[in-house]
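Common to both upcoming complexes is chain A, partnered first by chain B, then by chain C.
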Partner chain A sequence: MNETLIFLLDQIKSVIQFHPVILKGLGMTIVVSLIGIVVGGIVGFALGVGRASSYKALSFLIGAYTDIFRGTPVLVQLFVVYFILPQAGVELDSFTAGAIALSNISACFVSEIVASGIRAIPVGQLEAAAASGLSRFQRLRLIMLPQATRMIVPSLVGQFVLLVKDSSVVSAIGLLELTRSGWIVVQSIPNGLLVFSVIGVGYFVICYPMLYWSRKLEKKH
Partner chain B sequence: MIKFSGLDKWFGDHHVLQKIDLDVAKGEVVVVCGPSGSGKSTLIRCVNGLEKYQGGSLVVDGISVGDSANLRRLRMELGFVFQQFNLYPHKTALENVTLALIYVRKLPRQEAIARGKELLRKVGLGDKFDSYPAQLSGGQQQRVAIARSLCMQPKIMLFDEPTSALDPEMINEVLDVMVGLAKDGMTMIVVTHEMGFARKVADRVVFMDKGSIVEVSEPETFFTAPKNERTQEFLSKILRH
Partner chain C sequence: MNLSLNFRVIGETLPDFLTGLTATVTISLAAFVGALVVGVIACAMSLQTPRYLRAPAVVYVDIIRATPLLAQLYFLYFGLPSFGLMMPEIMVGIIAFSLNSGAYVSEIVRSGILSIPRGQLEASAASGMSYLQQMRLIILPQALRPMVSPLIGQAIVLVKDSSLLSLISVLELTRAGQTLAINRFMPVEGLATTAVCYLIIYYGLKLMAYAWGRFNQVGATR
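What follows is the complex of A and B.
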């Protein structure tokens, strides 16, 4: 019993010695997730407004596009971006490919969330706004978006948390992010439970503040 | 001031407005009544472009409603009060009332607020400036909605069954505001079932059925000596109580 405890403490010490690799992986996860959240959020927002608009052709096209990506695995999409796009002449390094794939999938999910928020606003209010002379853009900005945004914050944050966790797929094209760093460490310290618990804590440290913040925002309104 | 000439509208195959001819003069109060599906709501919604028509013409204060380039400008002169109030739930009563003043009429904020307060007081809600719609009763919400339209100083006020969604006790507080407006000389088209209101302030009563205007007459004539059989039938059913 004493021996296993000493052995475990030894392993923990070794894991701590590996902190540069783990922190590097953590950093990469944060950076690539952040890009996915910001770019995906902005693009997804614009797509969502288009999706919920009354221009049927636009709505249909956006819907078809987002359905394709929401209905297929991110890993597969990542491979398409990284391995298949070069055949069409687009060469990408793994970081750019990863950022593109994550931003794209994020945008597709955000688009549906934003569209459903917009659709949830009762049309009567918008008729009243139109009847008082407000332009389409003003109706969107003053009446629709303030209410829709408040409504969709929990779903949006949930989506971003999923993105952070999904970001581990970029390890498949060679990026050293948090999960991959775990694999590297476990080569030298063959205690999977220990190593991946640490990795898990790494993800939790990123995700928990988002979940907490989302709940606070919800209560505020 | 408002001129319907042979107005035609279809919802798919349903001919919901059939060759409507009607003139509303400045300062006139016209009450439109009729059974469900008669097209009366659709008619009033055509006036400010909430519904589009396919045939005939509709001219308001010299501007054709079908001409979408002028629609925003036209809507500034047309107040519209909905059956479901349609207040903005995320804004206070005062904010609801001043929104269009600030963003459409481009009034400076302080001036808009002053006018908004004055109008809310006029409809009896001087103590509710900072209340949200959810904190107000139906009758109060509808009065805020009326104040919201009046703030824009429209030339014409349109009411689409303003009291139909209210509890009976609250109907009068809203009708009183409307009677006051009529007495002040506002041009009004009111779609309603409130025949007492019609009798009191209407200059003319229009009865619609199945998309056409069946009868137009002054209130006294309308209620005591309706000419058309269908009008008589309708009146006998609704005046029972």
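What follows is the complex of A and C.
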């Protein structure tokens, strides 16, 4: 018993020695996720407004586009960006490829959330707003968005948790983020439970507050 | 970029893709059943009053939801052998996916049960029903209906998640496409075929959810 304990303590010590790699990975996970949240949020918001608009063709096109990415694994999308875009002459490193793939999938999910938030607003309100002489843009800004925002924020936060977790897949193309750093450490310290518990704590620290926040928001409404 | 697809290669490697498709479907189905079992148990525990039953279920759901599946998969893949537990990669995958989706299933089942007004439970208790009778006769028949669509949604997530098994060298759909992409330098052909296979499953499941919704609407208006 004593020997195993000493062995375990040794392993914990060596995991601690690897902290520069793990911290670097944690930083990269945060950076790549933030890019996905910001870019995906902005693009997804625009797509969502288009999806909920009365232009049938536009709405259909956006729906078809987002469906393709919602129906395929992030890993496959990542491979598409990383292996196929270079064939079209766009040279990408794993960071750029990861950022593109994550922003895109994030935009697709955000688009559907925003669209369903807008659709949930009763038609009567829009008609009333139009009758009061508000322009199309004013109706969007003053009537639809304030109400839709309240409805969609909890789902958006939940979606961004999924995005942080999806960023772990970028390790597959060799980007040194948190999961990849665990993969590197486990090659030298063959204790998967210990190493990936540490990695798990890293993700937990980022994701749990977001989950907690989204639950709180959901309860409020 | 040469956009003309080489269909001959797709034809040649079609057996690989069929094996991959079968594996993806089998793994997802097995994990879905596992997730239902895990989810129902976790949910039943989280609805109990004693803390020693509730706390483990809540902690389990929170840990799973706040960490990525890939890290959980590596946790088991690199971790189980240190217990002397050697098992095929597919089994590790099915266990990891069952535990992961189980947490989400638990939440789905929970919100289904909690959607039933509390008065019904009290009334059935007052009529002298035992806890199991209350669940079986009053709550579950009503709670099952709103669970179906989210459960199909979870099945879609599972199918997509199973792609991660390609990273621990299980031959499923993504691996089949990856092999064609990397070994034979045909990324477009390989990944397009993979994506199409996933989309077929996705739209199939989506259609099921849609049909279920329609079926219920018809039932409700009658």
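We adopt the following convention: the second predicted complex is superposed on the first by the 214 of 221 C-alpha atoms of A that agree within 3 Å, B and C clash if a C-alpha of one lies under 4 Å from a C-alpha of the other, contacts with A are read in each partner's own complex, and residues count from 1 in each chain.
Keep this in mind: a contact is a pair of C-beta atoms (placed from the backbone, for glycine too) under 8 Å apart; a residue touches a chain by one contact, two chains touch by 3 or more.
Nothing here was measured: the structure is a model prediction, and the numbers come from that model.
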Of the partners chain B and chain C, which touch A:138 in the superposed model: first, second, both, neither? first
Could you tell me if A:193 is touching chain B, chain C, both of them or neither one (first, second, both, neither)? second
Look at A:65 in the shared chain and tell me whether it touches chain B only, chain C only, both, or neither; answer first, second, both or neither. neither
Contacts for A:95 in the overlay, against chain B (first) and chain C (second): which applies, first, second, both or neither? neither
Could you tell me if A:87 is touching chain B, chain C, both of them or neither one (first, second, both, neither)? second
Let me test your reading of the model: by the given contact rule, A:146 touches which partner, first (chain B), second (chain C), both or neither? first
On chain A, which partner touches more residues: chain B or chain C? C
Please work out whether A:73 is in contact with chain B alone, chain C alone, both, or neither, and reply first, second, both or neither. second
Report, in rising order, the residues of chain A that make contact with chain B in one complex and with chain C in the other. none
Can you name the residues of chain A that touch chain C in the complex? 67-68, 70-76, 79-80, 83-84, 87-89, 161, 164-169, 171-172, 178-179, 182-183, 186, 190-193, 195-197, 199-200, 203-204, 207-208, 211
Complex contacts: residues of chain A adjacent to chain B: 122, 124-125, 127-135, 138, 142-143, 146-147, 150
Residues of chain C defined as touching chain A within the complex: 1-2, 62-63, 65-72, 74-82, 156, 160-164, 166-167, 174, 177-178, 181-182, 187-188, 191, 194-195, 198-199, 202-203, 206
Okay, in this complex, where on chain B does chain A touch? 48, 50, 72-73, 75-76, 78, 80, 82, 84, 86-90, 99-100, 103-104, 145, 148-149, 152
